[in-house]
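The structures come next, written out as structure tokens.
Each of the next two complexes has chain A plus one other chain: chain B in the first, chain C in the second.
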Partner chain A sequence: MHKLSSFGKYTSQFAISLLLILMLIAFTLASPATFLGWSIYEAFLSTIPFFAIPALAMTLAIVCKEMDMCFPSTIALGGFVFAWLWTHTGSLGLSIVVGLLAGTAVGWLNGFIVVRVGVPSIIATIGTQFFWRGVVMLLCAGLALDLTGIRETALHHVFAGRLFGVVPAQALWAFGTAILMWLMFNRHVFGDAVRFTGDNSETALKMGIDVDRTRIAVFSLMGFLCALSGIMVCIEMGSWWPTQGEGYLLLVFASVFIGGTSAFGGQGSIYGTCIGATIIGIVEAGIISAGLSGFWTRTFYGVIIVTSVSFYNILAKRQK
Partner chain B sequence: MTPFLRLENISKSFGAVRSLHEVSFDLGSNEILGLIGDNGAGKSTLIKILSGVFPPDSGAFSFDGKKVNSRYYSCAQARKFGIETVHQDRSLAEKQSLWRNVFAGRHITNSLGFIRIDLEKAETLKILYDIIELTADGLDPDLPVSVLSGGERQGLAIGRAMYFQSRLVILDEPTTALSLRETEKVLGFIQKIKDAGKSCIFISHNIAQVFAVADRFLIMDRGMVVADILKKDTSLIGLTDRLLSVCQKEIPHA
Partner chain C sequence: MKSMMRISFMAVFIVMASLVSGGLVSAESPRSGQGMTIWFDTGGAPGEPFSTIVQKGAEAAMNDLGCDVKFMYSDWNPETMLVNFKKAMAANPDGIVVFGTPGDPAFGPLVDQAFAKGIVVTSIDTALPKTLLQHKADGFGFIGTDYTTQGTALAEEALKRSGLKKGDRVFVWGLKRLPERGKRALAIIDVLEKAGMVVDYQEITPEVDKDSSLGTAIISGYLSSKPDCKMMIIDHGALTSQMENFLKASNAEPEKIYAAGFSLSPATASAIQNGYVDLVSEMQPYMLGYFSVVQVIMSKRYGFSGFEIDTGGGMVDKSNIGMVAPLAKQGIR
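Showing the complex of A and B:
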């Protein structure tokens, strides 16, 4: 044994948590009026979940050494199926179930193209991203769907209401999803299969792991959670619009990589992704309330992504 | 007595290349078989068929007299039969923890598929101390495989096979990348397989290593078994001469 110390096992999780705390302190010092009241946090809790939920699924995909570039369109499609069905049938339960199924089917199809046909996932999913965005555009004829009446329904409170009037329901859903995904990733045989498949698929196969099924399952899960996010966005906003999900591409990948999930597959952290999503979610508000121009946000995102991935790489090299 | 493993006329081609041609042999239980031959003799192809990577084109093999249906035979199926393959590398996933590597594909779970992690970690420690006999202090089953040396990795893969009561351990060039001392360790593990009453197929380029541990030798050449020799009927020099004469026969054809 070369090195027996398990020091470093939690180093990256500690570092990312510290980064979040430092950022919160810096923002509070820059604009105490904003960051000492609850309303900014309520805003964070209502917007972060929408990209944190897809980011949780993306974490598993990246660990599995796959890439899903299609997900913004999956969000839009899941949202559209839900919104269209609700405006035409008025049945919320049916709309939600079919919306989730539609998202899962899109994810499964991505998996099928990647695994059975053998197209590299980044190329296959760029193609399907365009395809499904085109499909929803055609179906909606480029127009948004008005869902104003949805705010009066009981399910609105379940998915996007405010617990005790202050805690957005979607934050609780995201929190629940995060716990479930943590359990799946760390304690379930599915998460184990994902790790081994991403680490070394040939080895995984020889250990009797069904690599193909695991990869397809990862894409399907991605589709499912994207649809969930799309539906919740519709319910929160009271409308569906054709470019839904487009803004999440950068946010999701940034959350995953800031969170310490390895770009090389086999390793990742659900906790890291949660903190990563929080950091990404508060950057914009922090920069703007500090009085800087909104253009700084992108610059800042870029810096954080490159710095954090570099940091994890250096950490990984030192531990070898 | 029925042999533990019987191969009958196994053939396999890749396009125009004939990799195996009507290979037949028996393997007894608790027998260590040394499989030797030059590069391209078909050793790896044979091992891949036995470990379920791909099926043969024709021929059959059976365990304990029970014929294997090659259409449903896979790596997972091979493991269920008690056949475990240890490769030069690729037997372990490097970034994953020791305990995950021991139990991958065979986790101890509850009915919902959640892994009993504490139990698996404790069992992993037992393998590390009792089977591989690692002596380092503070062994942590949470450490990634990448902290182990080459010999220790082979030890973990062999220890894993023994823990799961594998009846046949196939070692595919397990010592190629190892130093002399590490090689000694691996040869020691092979002796343990013998002592535990299991069978082993040991493939290596190094005749001296094979000779030291095997009970019987098969020499393969261009997809065929050309010699089947018991250790008591030969010596290291005799076996080396035999292998060289097989290789030299190829020269006129080259």
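Showing the complex of A and C:
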């Protein structure tokens, strides 16, 4: 895969935005009753953040030339620690803090194995994915945790309530996270460190960047945001279940690559990932509202991923 | 003197207690499964709600009958089920419990080999009719229910209770693509169409299958495009458990849409209590685990033939959820 210049980057972001707009127009024409009302957008805003938040962190990991396959288990672990503590202590504050710390610790450990032990990230995180899923299964004895009582708490409104009765709180959290991540990636020295590390780690080292620390920080951030996502899923759904996070694997990677992040590291787009997650998140509901069979969903995913990645590659080749 | 008497009484009491308890222990007959080992395929992946309840049932039988049960996991993959069976057979246990998902042609020859080695086999969840016919006298039984029967029963019951009329719209969300399991969705559709309903079927994607939190937009999208939908039948336990969230997100009032589904969980119990789910059909997976272990032990020890036990037919609604909900929390129902 070739890399894009600044002009190419803006062209790609424009193209991906255009694709989203065209899809929305097509879905609206096919099903005006659905896409001209607010409730479908409320539904999108309540579900897309759950995989958009890990996708934002994954963008940084991939730009840094790393891969975190452990994230579905980190989501489950963060959610489990939160749910277990809440059911045993009733303290939402404590449960959230410890849940987030647990996720961050898993991320840090992944980073440690990759950076200090030297295991390639894809292999190390496949291993830790199995390990943490196993730990969660052992701890919960395979049983879901009932959190229906959480709906009555004040923090439910903070994390999964509805602003003015219509805007899901998790969308605001995702929006806030995206802004912070964009600032960190584009306006902070950490973003430069991530890009340079992913582009060429030896050069980055010569430039005085602490490459190892950057890589560990990227994994830790991934763990933190995955735990945040897991906790929000628990609060929104009023339950934690042992396979939590497993369905996000394809959606997170698709969001990142549709958004224009290079699989070879060194280049990525937070904005692109947000649009990618939105595209992936609306496909199935759009297809079903249009009266098509759900069997079409995967075909659409495939077409969108292949088309967008091919488009970025062609664009980059032409600019060379 | 008093203290001496107290000590003597205590000494006598201790001696009598030890004699009685010793007598009781020696009078206790050995349990039927003592010394037996059973290899048990739970069908799914570790921690999946359905497989976990099956495993809990088998563990209860293990504790009651004193046998040793070794659990295997197949993640619903027929090839893995066959590999697990071969592994189990290599260990030469007293019995093997299998999910019949791979079907007669694949399992038949393996079951023949197992019985030839003196290993009792029984199947749960999915029937193996030809193998059952051949080895029933040897102890090969079937514990479970027929997916077609279960789908038909739920659809008929839901139609009866909801009072829907010809031409009413019904949404069915299922897994037609799975060979055996898909029969349940097909049976539901068949009953509804024969009753004159307009059926909108949607296949559950692999992502939603694994993570039910992704289902919200699908229900919202569907309901806003088809506001005349009167009934939703969800052929999936985890998605049934999230119907309360899905319908709330779609701004559907409780009791507005008649919702029916399968399998119990704490979240499903809450949805029934709050009026977002009206009827749940339960295969009673705990009994799949329990009865299958009993079957193997009884056949191995006393030569009983195979039994066919139908565990379907359990219907849960608002009238009995109060009793069932605490059991769902413990993973028994």
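Going forward, the second predicted complex is superposed on the first by the 311 of 320 C-alpha atoms of A that agree within 3 Å, B and C clash if a C-alpha of one lies under 4 Å from a C-alpha of the other, contacts with A are read in each partner's own complex, and residues count from 1 in each chain.
Convention: a contact is a pair of C-beta atoms (placed from the backbone, for glycine too) under 8 Å apart; a residue touches a chain by one contact, two chains touch by 3 or more.
This structure is a prediction, so every number in the text was calculated from the model and none was measured.
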- Touched partner set for A:A55, first chain B, second chain C, both or neither: neither
- When both complexes are superposed, which of chain B and chain C contacts more residues belonging to chain A? C
- Looking at the overlay, what does A:M222 touch: chain B (first), chain C (second), both, or neither? neither
- Task: Based on the superposed arrangement, let me know which partner A:T47 touches: chain B (first), chain C (second), both, or neither?
- Result: second
- Query: Overlap of the chain B and chain C footprints on chain A, residue-wise?
  - Reply: none
- Query: Can you list the chain A residues touching chain B in their complex?
  - Reply: 1-6, 9, 183, 187-190, 192, 195-196, 199-200, 202-210, 262, 266-267, 320
- Message: For the complex, give me every residue of chain A touching chain C.
- Response: 31, 33-34, 37, 39-40, 42-44, 46-47, 50, 133-134, 136-137, 140-146, 148, 233, 236-239, 241-248, 250-251, 281-282, 284-286, 288-291, 293-295, 297-298
- Listed in rising order, the residues of chain C that touch chain A in the complex are 45-49, 51-52, 55, 201-214, 216-225, 227, 238, 241-242, 244-245, 249-251, 265-267, 270, 329, 331
- Using the touch rule from the top, collect the residues of chain B that touch chain A in their complex. 51, 53, 74-76, 79, 85, 87, 90-96, 100, 104-107, 109, 112-115, 117, 134, 136-140, 142-143, 146-149, 152
